Amino acid sequence: MLRLTPTNFQRVIQAESFEATYAGGEANVVCSLSMFGHDTKMLTKLPQNVLGDKVIRAMNSFGVDTKDIVRGKGRLGIYFLEQGHGVRNSDVTYDREYSAISMATLEDFDFDEILKDVKLVHLSGVTPALSKNLYEVSLELVKVAKSKGILVSYDSNYRSKLWTLEQARSFMLEVLPYVDIAFLGILDFINILEYQVSAEKNYEAKLTDLYRELFEKYPNLKYAASTKRAVNSVNNNSLQGYLFDGKILHSSRIHTFDILDRVGGGDSFTAGILHGVLKEMNTSLIAEFATCASALKHSIRGDINMVDLHQVHTLMDCGIENINR
Amino acid sequence: MLRLTPTNFQRVIQAESFEATYAGGEANVVCSLSMFGHDTKMLTKLPQNVLGDKVIRAMNSFGVDTKDIVRGKGRLGIYFLEQGHGVRNSDVTYDREYSAISMATLEDFDFDEILKDVKLVHLSGVTPALSKNLYEVSLELVKVAKSKGILVSYDSNYRSKLWTLEQARSFMLEVLPYVDIAFLGILDFINILEYQVSAEKNYEAKLTDLYRELFEKYPNLKYAASTKRAVNSVNNNSLQGYLFDGKILHSSRIHTFDILDRVGGGDSFTAGILHGVLKEMNTSLIAEFATCASALKHSIRGDINMVDLHQVHTLMDCGIENINR
Amino acid sequence: MLRLTPTNFQRVIQAESFEATYAGGEANVVCSLSMFGHDTKMLTKLPQNVLGDKVIRAMNSFGVDTKDIVRGKGRLGIYFLEQGHGVRNSDVTYDREYSAISMATLEDFDFDEILKDVKLVHLSGVTPALSKNLYEVSLELVKVAKSKGILVSYDSNYRSKLWTLEQARSFMLEVLPYVDIAFLGILDFINILEYQVSAEKNYEAKLTDLYRELFEKYPNLKYAASTKRAVNSVNNNSLQGYLFDGKILHSSRIHTFDILDRVGGGDSFTAGILHGVLKEMNTSLIAEFATCASALKHSIRGDINMVDLHQVHTLMDCGIENINR
Amino acid sequence: MLRLTPTNFQRVIQAESFEATYAGGEANVVCSLSMFGHDTKMLTKLPQNVLGDKVIRAMNSFGVDTKDIVRGKGRLGIYFLEQGHGVRNSDVTYDREYSAISMATLEDFDFDEILKDVKLVHLSGVTPALSKNLYEVSLELVKVAKSKGILVSYDSNYRSKLWTLEQARSFMLEVLPYVDIAFLGILDFINILEYQVSAEKNYEAKLTDLYRELFEKYPNLKYAASTKRAVNSVNNNSLQGYLFDGKILHSSRIHTFDILDRVGGGDSFTAGILHGVLKEMNTSLIAEFATCASALKHSIRGDINMVDLHQVHTLMDCGIENINR
Amino acid sequence: MLRLTPTNFQRVIQAESFEATYAGGEANVVCSLSMFGHDTKMLTKLPQNVLGDKVIRAMNSFGVDTKDIVRGKGRLGIYFLEQGHGVRNSDVTYDREYSAISMATLEDFDFDEILKDVKLVHLSGVTPALSKNLYEVSLELVKVAKSKGILVSYDSNYRSKLWTLEQARSFMLEVLPYVDIAFLGILDFINILEYQVSAEKNYEAKLTDLYRELFEKYPNLKYAASTKRAVNSVNNNSLQGYLFDGKILHSSRIHTFDILDRVGGGDSFTAGILHGVLKEMNTSLIAEFATCASALKHSIRGDINMVDLHQVHTLMDCGIENINR
Amino acid sequence: MLRLTPTNFQRVIQAESFEATYAGGEANVVCSLSMFGHDTKMLTKLPQNVLGDKVIRAMNSFGVDTKDIVRGKGRLGIYFLEQGHGVRNSDVTYDREYSAISMATLEDFDFDEILKDVKLVHLSGVTPALSKNLYEVSLELVKVAKSKGILVSYDSNYRSKLWTLEQARSFMLEVLPYVDIAFLGILDFINILEYQVSAEKNYEAKLTDLYRELFEKYPNLKYAASTKRAVNSVNNNSLQGYLFDGKILHSSRIHTFDILDRVGGGDSFTAGILHGVLKEMNTSLIAEFATCASALKHSIRGDINMVDLHQVHTLMDCGIENINR
């Protein structure tokens, strides 16, 4: 998607120009993984015009392999972001209908060829929500991946503007049997999966119960992860990350930070978890790594987490440095 | 429409930001007429979001009456403009499908109410080309206007990306009996109306013949006008304007000029003709006024001709001033 | 006035360019009321040059009726704003002498005509402070409005650079018998009206006493309002609003917020109160509405509060939203 | 003065920001002389605020001695420049009334002290035109300079917005007996000095006659100089410079150039002549040097000619270089 | 290299910011070939810091394979570009000493591995000029490439600031026996190779003679190419391209164009020739293609020719289009 | 040095442009003293190119005397600054090798001439760290100054990237016998001078002990000063300043502030101390003045503290003002 952001916290009705950045759920994860040194590949469908060309350039700049991206009819989805400040919330105006990706069909992709030498496939719940054919394409991708022994990662990422809870539930139930790493929060359990939550327990205990119940039902699951965010103010949030490995819920420290750009914070956490899993890091470190990565994202303009491993490790180790001049 | 232009002659694939301006065929004409001191009103349908709000603000800033603008579902049309330079042509990428205006229907407008105290209605051929319902709405508007004795102005403005020559011909034949002021060039006669042109005559003689033939067939016509453009280079053009009053073809001087922003040059000529007609200027002066207005537009950023009467008259009278400091 | 602001918190001595916005006490109130959906009209005198044209465009963009604005000799007032940061205060350099408005006289305005169909007139104390003739014009406006049964709103807005306390007192005593809604804070009572304040009582009790005393003297008064600001730091303030309805002092919640642009915060509160009064909102809600509006202003660039009703109501209802992506 | 220029050839009514540069007739000459390596000093009166501070910084950056600049009441003069393009002329809106300099009096300056070790004093006709006291101050400065054997340079620089032809004539007649180097064009002779011009002769012959006549009347004169400009288009001019040494009129080549910023072209020619005179260059070279300097100015943003000796000599010697990469 | 360009034709002494682009002789050729659809790979050495990272991102964005780029000690070369205008020449300030690439040695590269599946190697004369070790590395690269039957392209690109004519001659004589495609102009023949030129013949005849003589001496040569540039003004040049195929000198049309950014014009011609050769285009078309590509480059910001095949073919076919709106 | 900063908190790998400011340890101190009204002079060596010219312009703009600056071979040092935000640290990439200053030798400077009428010389430890010859030049400067009875100020400013602790110790021991005002913190005592610190005492007691010990060894010392910084977050720090006068350690209040630009905070403290000493302020006020100056610096873009005396005194007296509008 093309993101158009008025400069300097202006509202759209004030703006005489827009900053243009390019992003999207899976793209954010893939580019962040590239920043961490992984070989990555993007799968999508883009319009056959200069905007499609630009998205390819943007992904290429991270070193992402874009050779399997399909080009065709339709638009590039756009969203207009008014960045919040003080007591004014951020506001997003979507203009994503009739996008090329939403019109993609199974015929556009040769999964056998595409998935050669692939170790992990990541899917965001936004994609099946975009259209019926994408619902189908998404499921098929996951099934083919699974049949080849490829790790499957799924981020629920529920968007009420795109589909109903019923549709989300239907897809979730179809996809979960194929998933290795699931990104699901308490609200997903309550609203989409309709699980019961005991009111008496604290947040971590609730989450542990829910993950345990889920892992019993879907023994294919290896990891489940989510974050808890406290909105201290529009300009300052706190974040804690959780990773369940089937037995224990690992929690990160709580990070509190001023915000430069909040969009993409969730995708950065996802990329952090996947990095840790792929690198076979110590499980309790993975939660901390991913939360640090997400906290750092809030200091980066655009949706994509343009920080490298050194920066994440610096935050993990010692927090803010005291660089003087 | 929202126009997104990369800064400093960049291509879209280079751009990290876009200048945002708001425009459209009829809007350009209406705003230019406001700059010339006329009371004006805009009729369109806009999405119920901040982009629609912004268009209203933009029109309001010219003093255009926006109270009859309808709000509803659909997008705001967008186009991306790469400004040409040297031997590189300008390039436009349209993203205008599924716009709110293209989905407007007769039910959206109460023409009886809207046309109260209106002296002239202007319609661009882009509008009926956008959708079947707009084809219908456009015709109805023109008919109601005519029935109330309101002057009707129609600019052919053929766009091959929007409709076929057959569709354009069909509309042209339906609308012409109601038109007072027609903006038609030689190519419109040949391609849309399928008139024959004698190869031996010079440009002005050909045009005179065609207009004369047209006025015989449609005695309702009062004026027909068009321009001839010579592209000396991407950065420098020459322009001559013509106005036929039923008897004589009045020609302007030829104006040659460097170009800051070419888009909207035609609409500026249209507004210039309408200003002259409404002000009952001497007919031969109208062609010169409109061509000067259009020449000046090429020195103004954005689609809309933000020059005032003083600037047009200065160019008509004495050309470029010698302001020294 | 034209406000020239160096970009990115620079000082004027660093600046190579200025952001240009257009504003002024009454203009800020009028434009904010337009954002809230009211039909509004501006009364002022502007220079007959492009700067005057630009101010008209700026007001028009909000949908404000500018047809009664007078044009003539004199300058457009300018002020240069250095935005403070950290421990550095904001700094304003005024360049407003010899402005067209300061030279306006009674002959410039036909109040009978101008005030037709008007429901409320708002006047800021800055205006009579600008010149002797404006003192006269302001009083006459208020008297004619009153004679026609129009609501009169007056904001004390004392500026020591423009007039002495004696002059301000003189005007205040002359205007108060005609005022329905008065914007007066504790300092206005002490310094201008020379009321006594009992040191023992808390802020709200003092204010209640003062308003009660005032309303006894001027039974024409319907509402009095003011705010209390705590400057936590240059970048962060707290604000509480008060509205006295003749009987009770209604207080808003205390809002604490980071600041993007502080100028115009008072005018936004004023517009919020006037909106509530015109819409006949529940009195206790009006204080909250106005304070929320003012708090939101601090997140908007420029002097004018470009937020809409939805944004104010969101802040009234639930505070900062938790929009994640 | 502060010059405020909308970016990218916009009109003031379009502009959301202004480029800020600082300049003025004598300041432009003085700074250009500094770029050419001369020790220079500026004499003026500036307001006691950040704008005055900024002007001092701007002059200092060229190495100009600013210690004798007086600070006091009044404004900094401002002008708004719309840069022309294509067939649209440049347009200047002055806002220079009530400036600090216009209120300066003889008491502000101790000429004896100020003129110590000074070799040349330059005065522009704009200065005595600003106010009666400046008329007086200017004359006194010139007289004291002359009495100390300092070279006096005077540039007529007639501005019809500032004074009448009669006032300009009065000053010219008073100042000429003290002038060594006079910058006067044919129009100054005709309009201000009311000399007769023989219609039959060509431009250079006319100019020679006029200068000869003037030098006979004022034997104190050492040099007279002026330029002839042909406006090929708003974006392209041709320029020829003339220098009369009492005997011969030396002409430069004709330079034709595209224009980036035309303001200050005349002051750059003046500085070029003064440089040549101070460096005792070959007289015929001085005219070429000054015209090259002026031609180069048109390629520099802002009023001040920020080119160095190397660049002027390159243009004198060989024209445009063929730098390839 | 990092190119730092003051915005809007400013001089470095005026600039408060720089546009940053990344480029270099071979990089420009390689990126242009990527824009034309070729698989490309870059070979260089970059510093181990964020500037090196940024260069890799920039090359990646074109889809260039950057995996063989070596990282190590040293700087990233920088150059400051003042863009000329009117009669002011462009001016380049180099800051390229001690760059990482200039310190690269044979040990840094495993040519056997690097040249697998490579069809063509391109080398610019700037590279061996940077240091003794690069002289050595360059020769070795060419020899290994030749031994593997890979096409070798060499662009003389003489820079007097980097090495003497003797050093350039020495390298030229060593490298020519391995070259298939040589980019050499008349000045290279005269100054570096010390060939004699008959003064009587016209430009094309001279060039044909020189190329014929060269091809007799080096029968390995397949193509030689060069351009002739006429500097009409700093802002407008004319360009003609030549390609010699061993028998005939093919000439392009003469293209005249306004200039947005002249740097990289030569590299764009080189890329055009290589594209034609690799695509086995008709020889006479190759010269036209390459010259059109180079002409288009002058309309693109930055050193790299960001135009695609469609744009080059449009210029080859029909020149400037007449896109109206 | 030239500092290149990506705009809006971007990382270098994101940046398409850089803000350019010019600074350096001693330059920052000297310019800040100019802002406080002192006559100042800069001593350094700059490259003979436009970058050197620009540095001179930048220093001149503050009114600093630049006539003794030497020009010659070598580069201008550059550093790239990524401004930190939230939990992301600031990051500096130095590119300062082979600078003109690092190659300066004793022959470049005539200290006898340069130090005429000088009252105080300030040296930063960065300078002797740059090269062996600068080590020598620095020592000689200090010795000559001392021999002339000029006050000598030395700021340790240890940079581990430039020299080892041993080298720093060697210089410190050589220079201290000539120093009047020493800027040394606790870490300098421990790491460079290898003093012992008693772990039981609090910070101020430790510092007093260390300063006392130092003053006993070097009875030439008049003042020693340092600051303690608490990094509350990347965007918010607290600062306390200390000044030892041989007897008492004077402490400032603790100032806590949001940060716009942290670089140069230390140099601003130094300038504040030197101002107080030169103005013979009350000793306890000097510490407060310098700490206020440093706190204010964090609100100013660029390395140089562009605040004036009025702003420092405002912060000393009453903190943040309550300027409303």
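To keep things simple, chains are lettered A, B, C, D, E and F as they appear, and every chain counts its residues starting from 1.
By our rule, a residue touches a chain if its C-beta (ideal position, glycine included) is under 8 Å from a C-beta of that chain, and two chains touch if they have at least 3 such contacts.
Note that this is a predicted model, so its numbers are computed, not measured.
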item: Starting at subunit A, fewest touch steps before arriving at subunit E; value: 1
item: Euclidean distance of C-alpha centroids - subunit A vs subunit B, Å; value: 46
item: Where subunit F touches two or more other chains, by residue; value: 11, 13, 16, 57, 91
item: Chains grouped in pairs wherever the two touch, ordered by label; value: A-B, A-C, A-E, A-F, B-C, B-D, B-E, C-D, C-F, D-E, D-F, E-F
item: Complex contact set, residues of subunit E against subunit D; value: 8-11, 13-14, 84-92, 229, 231, 233-235, 262-266, 303
item: Residue ranges of subunit B touching subunit C (in the complex, touch as defined); value: 56-58, 60-63, 66
item: Subunit F-facing residues of subunit E, complex; value: 4, 7, 11-13, 15-20, 49-51, 53-54, 57, 75-76, 78, 80, 82, 91, 93, 95, 97-98
item: Subunit C contact footprint on subunit F (complex, rising order); value: 255, 257-260, 292, 295-296, 298-302, 306-307, 311, 314-315, 319-325
